Structure formats: C-alpha cells, structure tokens
Amino acid sequence: MTTTAQKLTGVVPPLVTPLTSSYDVDTASLASLVAHQLDGGVRGVFVLGTSGEGTFLTDEQRQTVLETVVSEVAGQVPVLAGAIDTSTARAGAHVSAALKAGVDGIVATAPFYAATHPAEIERHFVRLASIAGAVPLYAYDIPSRLAGTKLPAALLIELGRQGVLAGVKDSSGQETSLRRLVLDRADAGLDEFVVMTGSELTVDSALGFGVDGVVPGLGNVDPAGYVRIFDAVAAGDLAVARREQDRLFRLFEIVDVADRGRMGLSSSALGAFKAALFLLGVIACPLTAYPSIPLDPDEITSVGRLLERAGLR
Amino acid sequence: MTTTAQKLTGVVPPLVTPLTSSYDVDTASLASLVAHQLDGGVRGVFVLGTSGEGTFLTDEQRQTVLETVVSEVAGQVPVLAGAIDTSTARAGAHVSAALKAGVDGIVATAPFYAATHPAEIERHFVRLASIAGAVPLYAYDIPSRLAGTKLPAALLIELGRQGVLAGVKDSSGQETSLRRLVLDRADAGLDEFVVMTGSELTVDSALGFGVDGVVPGLGNVDPAGYVRIFDAVAAGDLAVARREQDRLFRLFEIVDVADRGRMGLSSSALGAFKAALFLLGVIACPLTAYPSIPLDPDEITSVGRLLERAGLR
Amino acid sequence: MTTTAQKLTGVVPPLVTPLTSSYDVDTASLASLVAHQLDGGVRGVFVLGTSGEGTFLTDEQRQTVLETVVSEVAGQVPVLAGAIDTSTARAGAHVSAALKAGVDGIVATAPFYAATHPAEIERHFVRLASIAGAVPLYAYDIPSRLAGTKLPAALLIELGRQGVLAGVKDSSGQETSLRRLVLDRADAGLDEFVVMTGSELTVDSALGFGVDGVVPGLGNVDPAGYVRIFDAVAAGDLAVARREQDRLFRLFEIVDVADRGRMGLSSSALGAFKAALFLLGVIACPLTAYPSIPLDPDEITSVGRLLERAGLR
Amino acid sequence: MTTTAQKLTGVVPPLVTPLTSSYDVDTASLASLVAHQLDGGVRGVFVLGTSGEGTFLTDEQRQTVLETVVSEVAGQVPVLAGAIDTSTARAGAHVSAALKAGVDGIVATAPFYAATHPAEIERHFVRLASIAGAVPLYAYDIPSRLAGTKLPAALLIELGRQGVLAGVKDSSGQETSLRRLVLDRADAGLDEFVVMTGSELTVDSALGFGVDGVVPGLGNVDPAGYVRIFDAVAAGDLAVARREQDRLFRLFEIVDVADRGRMGLSSSALGAFKAALFLLGVIACPLTAYPSIPLDPDEITSVGRLLERAGLR
C-alpha cells in the first residue's frame, strides 16, 4: 500500500512514544509527533525501536502505537516497526502483530540476554523473514544494548544476498565497520541492500562515504535539520551539510543536561528528546517509561536553553 | 502452602526446560527432572531462569513449565520462578502469571536492553514486590547478561531492610563483592536476608565465608554432589567439601566440549547440561531452544566421557 | 631549525622501525624509509610511536632511530618523537633524549600500567612540557593500548589554552569524540591547536569535519595515497578523496592476512606494514621486534597480492 | 645464598616504596618497612611490583630499592623483584639489574602496551628465564593493568613443566581461573610449581582450595594479620582464618577513603597503604610517586579511624 517497492533512503527517525502522566500511550501526542515528522520532510518513520522505548511497553501498548502511527502516516511514507526481544519466538510474535497493523518494514536485533553466535543470529533472521513474508526485514545492529553482540558484515551481506534481509540500521557507532559494510556491499553488487546509520552526530560523513540514510533519535526534535543535511549532501554542498550537522551536534548536548548521578543513560537521552518535544508543543508530557527517572524542571529548562541556541525556539 | 516461612538455604538448582524435537516443552521429561532433583536432596528448585531458557519461551510455554513443576514438586520444597524481562511492566506480568501458578518465590533481574541507574532498579524491584505481595522476591545479579549492570550491595541491603527483597542470587562471579555483601548483611543485622551464589565452581569457598546456599546450573546434572558439598561444609568437613567441589569443577568441563566456532556460550553450556541429563536417562531429548545450535553426536559422546570420569555413569 | 613555527598539518606517518635479522635497528633501511616518505609528499614524520615499536626498543636503539631520522630528514619536514612510557619520570627521560637528537616535536601518551585520573594526566603533561621547553608537545590519545584511558576533550582544550599542549594525535577510533574536540576547539578560539587523526580508514571524513591532518600507520606503505586524500579534500574534490580512501581501506586488509591464532594484533599489523615495505624494496627485512611472531612466507605473499590489487606493484 | 631451594609459600607482601617529600626513595623508611615485615612473620618480600610503584621509578631509584631491601633482609627470607616493562628487552634489563643486586627471585608480567599473543608471551618468559639463570622466575598475572591480557593456565603449566617458570602470582581476581590452575597443577603432577594469590580479600578461601600463599598489598600495613590467616588455615582452624580475613576485608576500606573524583585508583589505594604506614610510624612520608595525587589530611585521618577499627592503633 505504500512505497515499499522503493529503496528506503533519507531521514527515517525512530519515533519516541509519548506517554500520559499515568504511563499510558498518549495517542494524540503521537499523532502530533507524526505530523511534526511529515512536516519535516522525513522519508519514513520507525516505531518501537530503542528511542520508542519498545522494550518497556506491554503488547497492548505496542499495538496502540502501531495502529496510531500507521493510521496517521496514512501511506505517505513507509512505517517501520521494531521487533526487539530476547528470542526468536518472542520477536516473531512482534513481527506478526506489526504485520497485522499494516507496517511497511520490520527492524529486528539479534536475540539477547542469552549470548548468541552468528550462526544462531542467522537462524533468527531467517525465521523472522519467513514470518514477515513480503514485508522487508532490516537488521538492527546495536551492540551497546546487546552486551557487545555485533552483527558481522559478512553475515549481513550474505543474508542480503539470500533475500532474508533488506538492509541494516547500524547503531554500532563504529564508523570503520560501517564503511567496510558499504564497501562490501559494493563488492557484492548488492546495491538494493539498504544501509542506514543510527549515529546522529556524523551523518554528513556517513552519507559522504555512501550510506543511504539515517535513523536519528535527535530527529524526533528537529527532523527538518536532518533532512537539510541529507539534501545538502545529495546536492554536493558539503559545507552546508557540515554546518547543519555541527548545529545538531551541539543540540545533542541536551542528552547530557540531566544529572547522571540519579538516572540512567537511556532516561537522560530519551527524557531530553521528550522534554524538547514538550517545550516545542509537539507532545503533552515529557515522561519516560517506568521505571525511568524523569527529568526535573531545572533540567527541562536547560533543554529549553539548548533548543534556543540551536535556533528552534 | 509450602516452606516459604523458612529461610531459603542449601542447594536450589535452576532447572533446565526439557524440549521435544519440535521445540515444545516436554512435560514428562520436566517431571522426571523434578524427581531427579528431589531424589538428590535439593532444598528448592528455580524455574525459568537463565538455565531454564526463560527468555526464549513464549508465555504459553512459561505457563506450562510453571504448572508442571509446581504440580510435581507438590509442596515438598519451595518453587522459585524467574521474572526476567526488559522492563517492569513485562517482568510484572511474569510475576502475576507465576503467582497464579502457585510458586513460592520470585527471582527478578534488573531491567535490561535500556541502560538503568540503581535508582531505577530500585523502582523496578519495589513495583515487582508490590505485585508479589506475600511471596518473597529475590534479586538476581547477573551482570554478564545485562551489559554489565551490577546490583550494588548497598541497594540490596537497603531493599532487604525495607522488606522489598528477601534475598539475592549472585551470579556475578565476583567473589569479593559477594563477600562484601555477606559482611554488609552482618553489619546491618539482616540475618534473614538470603544470599545464594550462582557460581557453581566455588561453592565450598562461598559457603565457607557465609552464603546460605547455591543455585548451580550443573546441579541439574548432579544435585546430590552439590548437596554433599553443602552438608560437608555444615559439618565442618572442609576436605570432603573441597574434594567434591573439585570433582564437580572437572565435570563442568562439559560446557566446553562443543565447538564454540559454531555456537554461542549459552548453547554450549545448556546443551551440555541437557546432553548429560539425556545420557543419564532423565530427559528424552537434549535440544536447546531455537535459535540455539544443538550439540552434535560427537560432542554428546564427549559429554558422556566426562560424566564417566566424574563417576556418574 | 625547521618548520616548528608553522602549524602541523597534512600527512605525518608514524614510521616503522626497520630491524635486521638479529633485531638491531637497520639504519640503511630507515634512511630508505625516510626517502620513501619525503618522496610521497609527507609534511612530517613521527618516530618511536606505536607503529615505530618504541615501547619495544632499548634506549640505545631509540637513540639510533632518532639520530638517523633527524639526519636523513635534514630539516625538510618536522620530525616528531614518541615519549611513551609508564610514568612521568620515564617519559621525561625520553623527552630529554629526543631533544638532544634535535627533534621538532614530542608526542606523549598518558602514563599507563597504573590507572590514572585526568588530574594526574594533567600533571604528567605539564611536567613533560616544561622539559620540552620551546619544542611543541602533542598529546597522544590511544585508549586501546592504555587499558581504556581516554583523554577528555576538556582537558586537551584547557592544556592547549595554557600552552602546555600544541595539539593531539587522536587514535581513539571514536569519530564522535574527535568531532566534539574539533567543535570545542572552535568554541575556544584555539585555531592553533593541532588535531590530527590516527584513524587511517576515515581520513576523508575527518578532514571533512575539520581535523588538520593524519598520522596513518598505513602511510608507511603508501604515503602518496594519503597525500592525495589530503590534497583532494583541500581542493574540495570529495569524490577523488573518497575513491582514494576506499582504495587504502581495502589495502588495509593486509593487517588481517596473518593467522591471528599464532600472533597478536600488533604483530599482525606491523608485520604487514613491514612486509609491504620489504616487498616494495624500501626495507631489507620484514622482522618485527622481539617477542613478536613474524609473518610466514605465505602470509607475506598474501600481502603482496593486496599490494597489487591496490596498484602498488 | 638464601632459601631459593625451598618452595615459596606463605605471606610475601609486595612492598610499597617509601618516598621523601622530594620524590626520592627514602631508604631509612624502606629499612623500617622491611623490619615491620620481618617482625610480622612474612616468608618473603616482593619489591618493585605494582604496590612498589616499580613502573614509576627511574633505573637509579629501582637500584636503590633493590640494594636497600637485599641488604636489610640479609638472607632471612627470599627477596623477589619485579621486572615489569613493555617489552622483553626492557624487562630483561630489569632482570639483570635485580640479579646484580642479589635477589632470590624475579616476578615478570607479559609485555604490554602492544597487544600480545600467548605464543609471544611464551617467548618473553623463555628469554627472561634464560637471563635469570638459576634464579627462579615467577609469572605475574594482572590483566587489569595489561589491557585485559590474561595468562592462560595451559601456558603457565607448560612453562612450569619446562622449568621456565617457577610459579605464578595471580592478581586476576578470577577465583575460578585460579582454582582451575591449582587443579591443572595437580593433574600435571607439578607440585613444585608455586601458585600465589594477589587477591588480599579472599586469602582464606584461596588457601582452602590449595594455593601456596599470598602477596597482599594490604600486608604492607598488617603483615601479622595475613600470617595469622595462613597459620590458621594450615592448622585447620577455618573459623579463625575467616574472622581474621573479615577484619582485613574491612580494613581494606582504606583504599576507598580518598575522593576518586580527584585521583586515580592506584593513587587512592597506594596512598592509603602509605598513609597507614605513616600513621603507624613505619614510614616518614605518605607521598605516592609523581604524577599521583596525594591523599589530603582529612583522608589520612579517615585512614587512621579505619586502622583503629581494625585494632591496629
């Protein structure tokens, strides 16, 4: 029903999940967030990923997110859904639920908690792809959350060749390994294999060496900024791309305003994204999922100052 | 209905989950495994933990395990159940399901995938304890599976003092931190707080410096051996305890027989435990949960040789 | 006597130390290597660094390297020398020896073996700078060799402001932290502070976001290639820069030809650089310092094939 | 000339190196420290190790330490000397210097800074042993300082069998691997191979499962306490051993009194040992080697309170 036949490129933000003060999914705010993204010019949205706090939500809450976003996007761009869980059986159930909601792509990590081998990760993706059927499956490489498990380039390329994977979202933060993947893809003649970076601070560089797009957490806040980077690189205007990236690099300092002595890294980063969206009037409440500690009013004020410095208020 | 009023001590193995060749829970084998444990003299059993592949199973499979074990144990010893999941909401659902099945204790890790702070872990345990009600909640400290998240001794003691936690299963492998916990417990006058070690290779030492018992994965295979260590230490017969521990230390080499070039650490270890139980006639099939790679016939034969060397065949 | 008044920029390879078959410094080969570099158009050379196996050599051998290179370079470009040792006292002695030999710059890591704090690293650099006097001191950030010790951007900028440090060689492999440093430098108005990257696989990107130059181990083999990247970026010809970087990215595969089952990472990488230089006729013997295991003839042949693929033979 | 023919056992503290306020070796305090140790009943002393700040000292300072201690000990117990440096050539020079001073044993780590392979570590030890000649060489396993390099049990046993190594000091903090070594030693029939633990907080346990002795940093402060543990275990009086170990466990909290926000882990721990010795009147000045930050007066006072609690003042 949407653009799945076309290769995924450009800016595809991983949407946060707005919550009410009683920790329910705030569908009105979620609809508003979708509009904010479409206005910004994104080429897709990704729900129930790390930024979407997908691992915090119940199955019912996940379903609400899926249905709301599919409905609000209404086929204008592809909707991708995370299937991030500890095992193949559990992730497979998420795939089925997402398909039922009508998504255009699935994004799945390796299994975790139990330590796995690439041969086991391969079995995992093969099984999920068979459940996904015609809907493209993207691998999600995020070793920092998976006790160090890194998806090997050779496995990704091989699964691309077999048609199991349509691409990868690389959130490893390892530029060298990402660049190797781009080169290996070229050597394999696998142009249709999508390589997206999840590293929101080096997007101009990554586009420069050949990735297809970016899945930036900070894109929740300023999707138009990331779209400007993408367009500038496409136009060969590297100076503009760098200036915009540098501005967003500084804006990313919002993830450090919270006192790390009283909350975790996830809470601090997602809390800042939500605080910014709250201050911009996009969502109604900056709360992160339980048991995350929320930002306090002073911290939210600091986020506001950084939004101003970045020209967003 | 069982012995929950009494402090948990002694050998409490984390039961593996026997599977059929089509990856269903094999309830007959599970019943046989329970009998094997009770015959061995264990003081409790722990289901749906790391050894139980709890993170691999569907909710339906988990329920089957809970009901089978509660029914087979029939109140002879406490049954503990794992509530290991990425968030409070999900772990809380596991707690509710386990209570409904009639377990005598809950064992929960910190949330994972998202990085958490001790203040957030505290909120997690407080919420789970409120769901568990009168059923004791034990913390499960296993940083190797949780991207390094270690439960601080001060947090454990404080939650013990508040009545949130009844104790901890320490699978950190850090003898020094475990010993600090035992000393801090004494300083806090918190004798009722249960400290169990999950380190199956140094049980005599750990009992020697004051832990209450052990949750040994290898105890699936040889529960009686671990019971002999416990009884020997209780009787002050350290030489016997050491001899028995040394024998089991060598038996633990079964986890290294599989070719790590083709499977993960979890598959190799749990595959070996299951292969041993299969060879001993306790369970019908040595398969580990999908997508784990199974041991091959040669590897199973090697497990058999090590069982013989340990006097078990 | 040389160009120290000018800001260091461009390609400054970290020279390997050619050895004879009896593990002495091969001064003739070292002279030949210097000529190879100057022919390639480098803007400086760095001796006794990680690639130079400085931590393997005796004080006498170090002196031979310093004197040979200073004499061969003869003031055409700056000569930088490593002062990499476990403590301030020891590194300080290396600084004194290098000054006596007439070098134009010093490159020093934090102390290691003992774990240090930034405040202690600051004392270290302040002391070394006072020994170095008018000769510029560069910090060397290489956490992989220093048990994870990373030089904080704030410390580097502050020491730059105080005139203690003239710049930094960043071999952290962390693009984001490198980019932050470049932005912080701009914010501090500290344009004269030199930022060089040691990451030889992403040089076009790093130059693109503002670093001043590169210290590429692979530059031993193909200095002209790196000079072409630098010149292309300076000319705004990003496509040429990327093509050249991609060619060198593939050439870097020489570091993986050796069987890692029988030697360490250092031996494999430095052995490959030396094997390539040996095959190109630049040095007489590919041996790495004792106790490193040398590449075998088959592995050297494989290095040769990759040289051919990169158009170097 | 001393007891080298006898197997090393018991308590062998790694002596700190007392410094004057101008960072010279304080030979009078060092003599006093030796007397403190001999009074405490130690079976040997180890100089220029990690606690001895050997990697901080110049060659001249090292020589002063060696000569002072050999002279003060005067053959009453063996004197072991550290040969801890980045390469075989450098460590070999330390071995020669130590032999000239008349030590009774050498303690050497693997090379570091450059990453090494076990086959390279083997070459390192073989070369050092050939320099040491009849003087026994002990391996020093301390992965925390060596970027994770761990000496494999199989290598240690093999080098013991070949007569290259007389034993090992295990400061890995990995009880399981230490226990494996003790079992492997027994399997190999290599009773003369010395296994000492450097983990000062679990000495009763380690002696319980078969190590020969301990090299406790905290033994600088309270050698008699460690000797009591050793004697109690030898006498089979485990309760006494545990009580004494628990007292010393709590005394070890002195390493945490310093503000880790302003100094490194080494400074905090060694500063505390020296502060305690200063307060006990054993040494004249608590300074640690440059560039370490020293403890401040309040922190030294806190050390004093913990000494009192442990019954030492």
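Just so it is clear, A, B, C and D label the chains in written order, and each chain counts residues from 1 on its own.
To be clear about the criterion, a contact is a pair of C-beta atoms (placed from the backbone, for glycine too) under 8 Å apart; a residue touches a chain by one contact, two chains touch by 3 or more.
The model shown is predicted, which means the values in this text are computed figures rather than measured ones.
With centres defined by CA atoms alone, the chain at the far end from subunit B is C. Between subunit B and subunit C, the centres computed from C-alpha atoms are 50 Å apart.
Spacing of subunit A relative to subunit B, judged by their CA centroids, is 35 angstrom.
A list of each chain pair in contact follows: A-B, A-C, B-D, C-D. By the touch criterion stated above, subunit D contacts subunit C in their complex at residues 50, 53, 55-58, 61, 84-90, 93, 111-117, 119-121, 123-124, 127, 144-148, 260, 262-267, 289-293. Those residues of subunit C whose C-beta lies close enough to touch subunit A in the complex are 173-176, 179-180, 183, 199, 201-202, 204-205, 208-210, 236, 238, 242, 245-246, 249-250.
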